[in-house]
């Protein structure tokens, strides 16, 4: 069972690293916004797996908050981008 | 009762800062601030009396004893400095209120008053806390409030200089928290009283490196050369009362922290050469900087840098006399530096410019202003019989008593600095208080009022000309009088400072009051 | 009378209060009395303190279609995930997308919002623009290599719309979504659009 | 009972991870913002959803709903982000028109008389080219 | 004595007021006190001359050796007579002389008289120094006057700086001296002089101070320059009294310290050289006062030498000479003052024939001059005889008596010469060419001159009285080998008499030779230009100051930071490197997730450096934050991770919103490659340092952490979550500080962003966001109202999807935030995270609905919410002590309710609620600031605006 | 007494030490720039660095310090560094917001995205004119006594 969790974690980790690559490479700010959003998703996924693995429920509020609120950052950034580049 | 006394200087201003934000009318807010600071002053005085009579007073906040909870401790040193600081803070507040009433320039009260009250909170907490991390927090409260105050209603130039101040402050704060982390990593505690023995168990090299890091961290806040560079660029541009309270209190809090930590955490014996070098460098570089200035506030700021060197003097000696001298010097300097900045503010208002080269063309302010300026100026230069002399004398005696080349070098530099300070003060004096007939070298007749166009910040200064209100003058006079009282009470004060120095060198009482009798 | 009115308005907030209560209970993971009472208090307080318009204005939740909707949603999700995954593996840098216009027939903010949400979850579609007045969605669709793809996607969006209308829409809405789509989506609305543009477009 | 749970988990978790990974690959490989958004919004959400469900069955009863709540919130918010980003991407010409098989929105705009200056072809200059 | 001194100061302080009412009479009033002093001194004289002494003492700071100890002995008596007597006469004289600023001058002169009296009475080294410096200050103020001319200012400053510098050196000498002696009481030191150790150093230091004050070569430059002061000031301070302070000090200490090695060479060498050279210089002067000033310098040299020689004869001679000099020099100055006052000039090239016009003045002046030249039977002669005697039979070790005597005779000859030159220059010459018809001075004007000149005659002729006083002082010395010398006008035909005569003849000859070339004074060879030296020194200091400051205070923040960090690297870094502590054997990682997250953190951080766009930078920094939060999760700190995530998102939002209008790109730094390299090096070094430091400290842990106590005692707080228990209970004070920071920072943000709006309103940003709206922008507008205030937003910014979603999510987020608040004691969460979550809810309302909608959502002023939070938190803290407990104390309360059962909660929950409120308020405040920066809605929409209006 | 808190072993691992060091290096490098925005970013990164350091250097890793039931979980993570880091995070956040606002104001007023040099310092640095300002000391006079003689 533990191996299963580890495999899952490895997959999520790999996904996270790829996302990081996108985050760093851009090229546009929107790409980075998306990448950051996905990165958060990866954190949620990873944490969820750990939660199940360790039967440790303390991280649950973190997950809730991330799921519910991470999008405000993305929306703000998108707002900014639209305002700035709206009619170039 | 003790609990109450110790809690009030920290909690009351914080609480009132909350109240000032509730949207009460301006006059209520003003009155509240004044009342609260008066209360803090009275409380601090009572605390001082108690601490002097019965030894260190301690309070376990939240009823958790030391290694777990935070203990507030008032020993002679902290209570003394707290009292003087509260006094100066109150006077400066009155000055600011007077100024605000005169020209409505202090920005919305919802910025000034809460920030000022929190500044006092931070200062009180820094003096009283017995916990390293809490000391960091106290510094942050104080500094954050000071960031707000220094950029209050800032124009371009002041934003720029505020930037310098803020960034230097932030950098030192970051290093401070780094230090706290490292210390905790090494010892597993942040209670000051407990840290001493635990640090002593570390390898010497590591311990020394930690001590030096702490020195650098506090050195930035205390503006020790060469970490002082931010100060003369930032202090002088703030509104006058704010500069006054900064110059009087903030660096002194750092010096206090230096005293506290160097004695409690990293005690040494004998002259510490590095600190002696820093002291000498501070005195020389600072006063030379002052001589190079043309702006009265900048000049005063540089003297501040210079006179920090005096305080390090005693610390470098690290014996009872030296520390006692430092304590005296800190007490004296708090009052005198505040008085100087406040009276300088009065002069600047009158002249419409802070530039000495323009100031001399205006009729000098009256005898009152002259006296108000002269007394602290002479005191700063260490001219007897004012407070500066007493403090300097204590340091000189400490230096010669200890002997050795470093001590003599310190003493010599201190004297040279006194002389150059006097020189700097005469420059101010001749410019500000003597109406100079246009000498041929100036080659121009008196330009029309207000300040000449060459003034660096003409617009701002034009707004701030005129006579100060009575309250301003009274506040300045009050601080000046404090300086005189310090000189007059040199006897009891020196005894107290000596007792405080002994307490510092033998922190057993401090430790046992924090940790309980046997438990450390 | 006024009290009656207020009560009725309060009643319209009941779904939200119920949801918040449920949320509270789920969060605490407990059904003890304390949690239940506190939850009710919290839910009522939050709703009362921050007065907002009712959530479901004129909406009629129907349980069975909602279940239907959810089942479809799940399958859609899985299909969408696989499709995109396939695109990733198969085409990578050479995907082909399109932006299509879908004329909706429901005309309430809530439903349009729901359709847009669900469409974005549906395979290969992602709402790029919403034209609220003219009830159109502009959808970025991913595998779009020929007109058939486009038609397929349009149908899929309309299917979502229909399911949504059935789940929570009013009767007319359910009715209107049942009709075949307006051809081309561009005939009857140009004048309306013009007007709209002149009104707001400066 | 435990066995059933374990089987569910054993199926869901790796699948979810695989979707996550694929989504990430897509994020990296897809050529323009529009398609990357698909990767982000679809594959990732699905992956996460599977993982959450897979994890929740392993949890004690009164905590499992919390994970499902997480999934619910995620399902609700991801489309919002995607739509806003997609909209912004279109408005700021983040979409590569060379990759578009058709653009009915542009046609609509042209018909409305407010055509957008189609740079048809190159996407706007790279905004923040990295070395 | 104390009363007298205090009276001086008190009256001096009052005089400026009286001056307005009393007019010239004020001088009479002022003269009363010196006269009283003289009287008191005379009354006391009997006891003092019998060897007794008056003592008074006032405790000041005994631990520092400070005590206001006063003592009247023979020397003090002598000086007191001089100081007070001359003082009284000068004050009376001023009545006629001074034209303006009478009040100020009278006050200063009187204050000076007081401090000078104090100086001579002081029996404590430091008190002496106190008065010493006070006289310096008085001198500065008197010389500067109103400071209208550069001349006055620089002369005043020179006097101040030179004497103060000397004074400081002397102070150090005093400190050392007292250190060695074990006391700072003068009389004790005199009785039991210290020897050895650092005493020679102390002697040198003290003498330097004395020389500076007494204008000895080469520190004399200030005295001639000080002649710009009004003549009475010159007469009093710079002839009779103040400059005598140095001499007095020499006289005071000589009995004790003359035997110390450097004393005699210094005193004799400097004194005699000064005497000769200054007298020589006096011959060049054409200005009467200047002539007298150099004469004074010369005489002071003599006095220093003779009083410092440290023999009984020397003491006698010195005492007599001291009196003589005070009398005649003051008289001559006053006389010169009258001449100038009446004729308008004091240039001897223009003065001529005054002797016939002003015979009384001439007579008095001539008498004084004669005393100066040392003609019998005047006091000057008495002194001169004794001086010559002292040197001729001196006890100077090493056989240089004859050499010194020769120098002395030369000096006396020159003195005679310049005395003649003065008299001749001022009063001589044919009366033919009147220089502006001198008015005849009033009697009262001349009287002081006459009294002083007469004093010389009386004391000289009645030498017995003089001798009594002088003897009383000289008691301190043992009788010389030749038996004790007595002051007398006639000792018979001794070599000394011959020497005296020789000096007179030489002097007369010199004057005769030179009288024809009076006008061409420049033919007298110049002396080394000490004045230039002073100026060069001052200019040098100024230049040095500018140079140092220019190179340190460059005004560039990056440079400052570089210096700061370089210090960090060099000081603690070097110490650490030198110590080379063990880094322990740390594991590579604790959890495999760590390297992964580390890669995320480091990569994103590195990418920030490369970023050229603001937004890119912020996003990457956000990724770093998320990565760090991930580490927190992995290391078992979910509460921390929760907060970090929230804060990160909030930072992102706030930064993005505040910076919305700033240009997208950074300005490319125009940094020199060298500077950049330096920065890279310094920053890298700091990084390495921190890494090593962290490893070293963490390997060096000696004792277990105190934290186990928290885990053990957490139950007492009623909490399960230890971190939360620490935050709200164990260490609630930290939290109080932390929220204070947050609050004040938010206040600052508002202050920074909004206050300038009236100035910068017109600039409207550099066009971002105003370029135009994409044609589809307003399509998204919802039709129904979802958020009450959103209608006020421009259509182009709305989104139906967002509005509906916000409407649905908002209450849920609030419930979640309340859950976090209340469950903080048991799960990760607490007031802070709860508040941030609620804050995010409002951020969402703001983003989607705009300021108007936020205003509807929170009708309270943001400041009031935040302030209320702080009020609650601090008030909760202050409540227990009022009830007799301990501040910030918390208790676990259990309520038994029907149905529900037992409800347990900790009172620290209220503290947490305060934190929650504060955070919400701070968020609102930040949003209000952001709103202002955007200006996207009419004012008045948000609480902060109303708050502002309400206060007016 | 639980063993993790009682341990005196290294709490820090190499990876984290390096990560912290990298954050410090990058952060301080950015702080030393002229661009205000980079300074802000540098501060943010340094904030992360210090918070991380606070946690990883002092804190023993372990399960979260949440005590379920009566018995403390053995080897829970050290809670004190967590609390301190929590405080530090909040402070950093407040100051970041303030610094951002300051940067914004500076930009609004001056239209520069840079920290400018201090005007007064530059003045002293470039001009010697102050030598002959308000004062007379800078001039090299001849013999002042001679001037005194020349007077009147």
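Each chain carries a letter (A, B, C, D, E and F) given by its place in the written order, and its residues are counted from 1.
Please note the rule applied: a residue touches a chain if its C-beta (ideal position, glycine included) is under 8 Å from a C-beta of that chain, and two chains touch if they have at least 3 such contacts.
By chain, UniProt protein names: A = Sodium:proton antiporter; B = Na+/H+ antiporter subunit D; C = Na+/H+ antiporter subunit E; D = Monovalent cation/H(+) antiporter subunit G; E = Na+/H+ antiporter subunit A; F = Na(+)/H(+) antiporter subunit C.
What you see is a predicted model, and the numbers here were worked out from it, not measured in a lab.
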Both-way neighbours, i.e. chains that touch chain F and touch chain C (Na+/H+ antiporter subunit E): E
How many steps does it take, at the fewest, to get from chain D to chain E (Na+/H+ antiporter subunit A) if each step moves to a chain that touches the one before? 1
Report the chain whose mean Cα position is at the greatest distance from that of chain B (Na+/H+ antiporter subunit D). C
C-E compared against B-E, more contacting pairs: B-E
Counting only C-alpha atoms to place each centre, which chain is farthest from chain F? C
Could you say which chain's mean Cα position falls nearest to the mean Cα position of the entire protein shown? B
Centroid from C-alpha atoms only, then distance chain B (Na+/H+ antiporter subunit D) to chain C (Na+/H+ antiporter subunit E), rounded to Å. What do you get? 63
Chain centres from averaged Cα atoms put chain A (Sodium:proton antiporter) and chain F apart, in whole Å, by 30
Expressed in whole Å, how far the mean CA point of chain D lies from that of chain F is 39
If you average the CA atoms of chain A (Sodium:proton antiporter) and of chain B (Na+/H+ antiporter subunit D), how many Å lie between those two points? 48
Give me the residue numbers in chain C (Na+/H+ antiporter subunit E) that touch at least two other chains, ranges are fine. 23, 27, 116-117, 127, 129-130, 201
At least two other chains touched by the same residue of chain D: list those residues. 23, 25, 37, 45, 47, 63, 66, 69, 76-78, 80, 83-84, 87, 89-91, 105, 112, 114, 127-128, 130
Where chain B (Na+/H+ antiporter subunit D) touches two or more other chains simultaneously, the residues are 133, 137, 140, 144, 147-148, 151, 154, 163-164, 167, 171, 178, 181-182, 184-185, 188, 233, 292-293, 430, 436, 439, 441
Please list each pair of chains that are touching. A-D, A-E, A-F, B-E, B-F, C-D, C-E, D-E, E-F
Enumerate the contact residues on chain F facing chain A (Sodium:proton antiporter) in the complex. 63-64, 66
Inside the complex, what are the residues of chain B (Na+/H+ antiporter subunit D) that reach chain F? 133, 137, 140, 144, 147-148, 151, 154-157, 159-164, 166-167, 170-171, 173-174, 177-178, 180-182, 184-185, 188, 190, 233, 292-295, 298, 356-360, 427, 430-431, 436, 439, 441, 456
Residues of chain C (Na+/H+ antiporter subunit E) that touch chain D when the two form their complex: 23, 26-27, 29-30, 77-78, 80-81, 83-85, 87-89, 92-101, 116-118, 120-121, 123-124, 126-130, 138, 140, 142, 144-146, 149-150, 186, 190, 193-194, 197, 201
Chain D to chain C (Na+/H+ antiporter subunit E) touching residues, read off their complex: 19, 22-23, 25-26, 29-31, 34-35, 37-39, 41-43, 45-47, 49, 62-63, 65-66, 69, 75-76, 78-80, 82-83, 86-87, 89-90, 95, 99-106, 108, 111-114
Can you list the chain F residues touching chain B (Na+/H+ antiporter subunit D) in their complex? 11-12, 24, 31, 36, 39, 43, 46-47, 50, 53-54, 57-58, 80-81, 84, 87-88, 91, 94-95, 98-99, 102-103, 105-106, 109-110, 115-116, 118-121, 123-124, 130, 132-137, 139
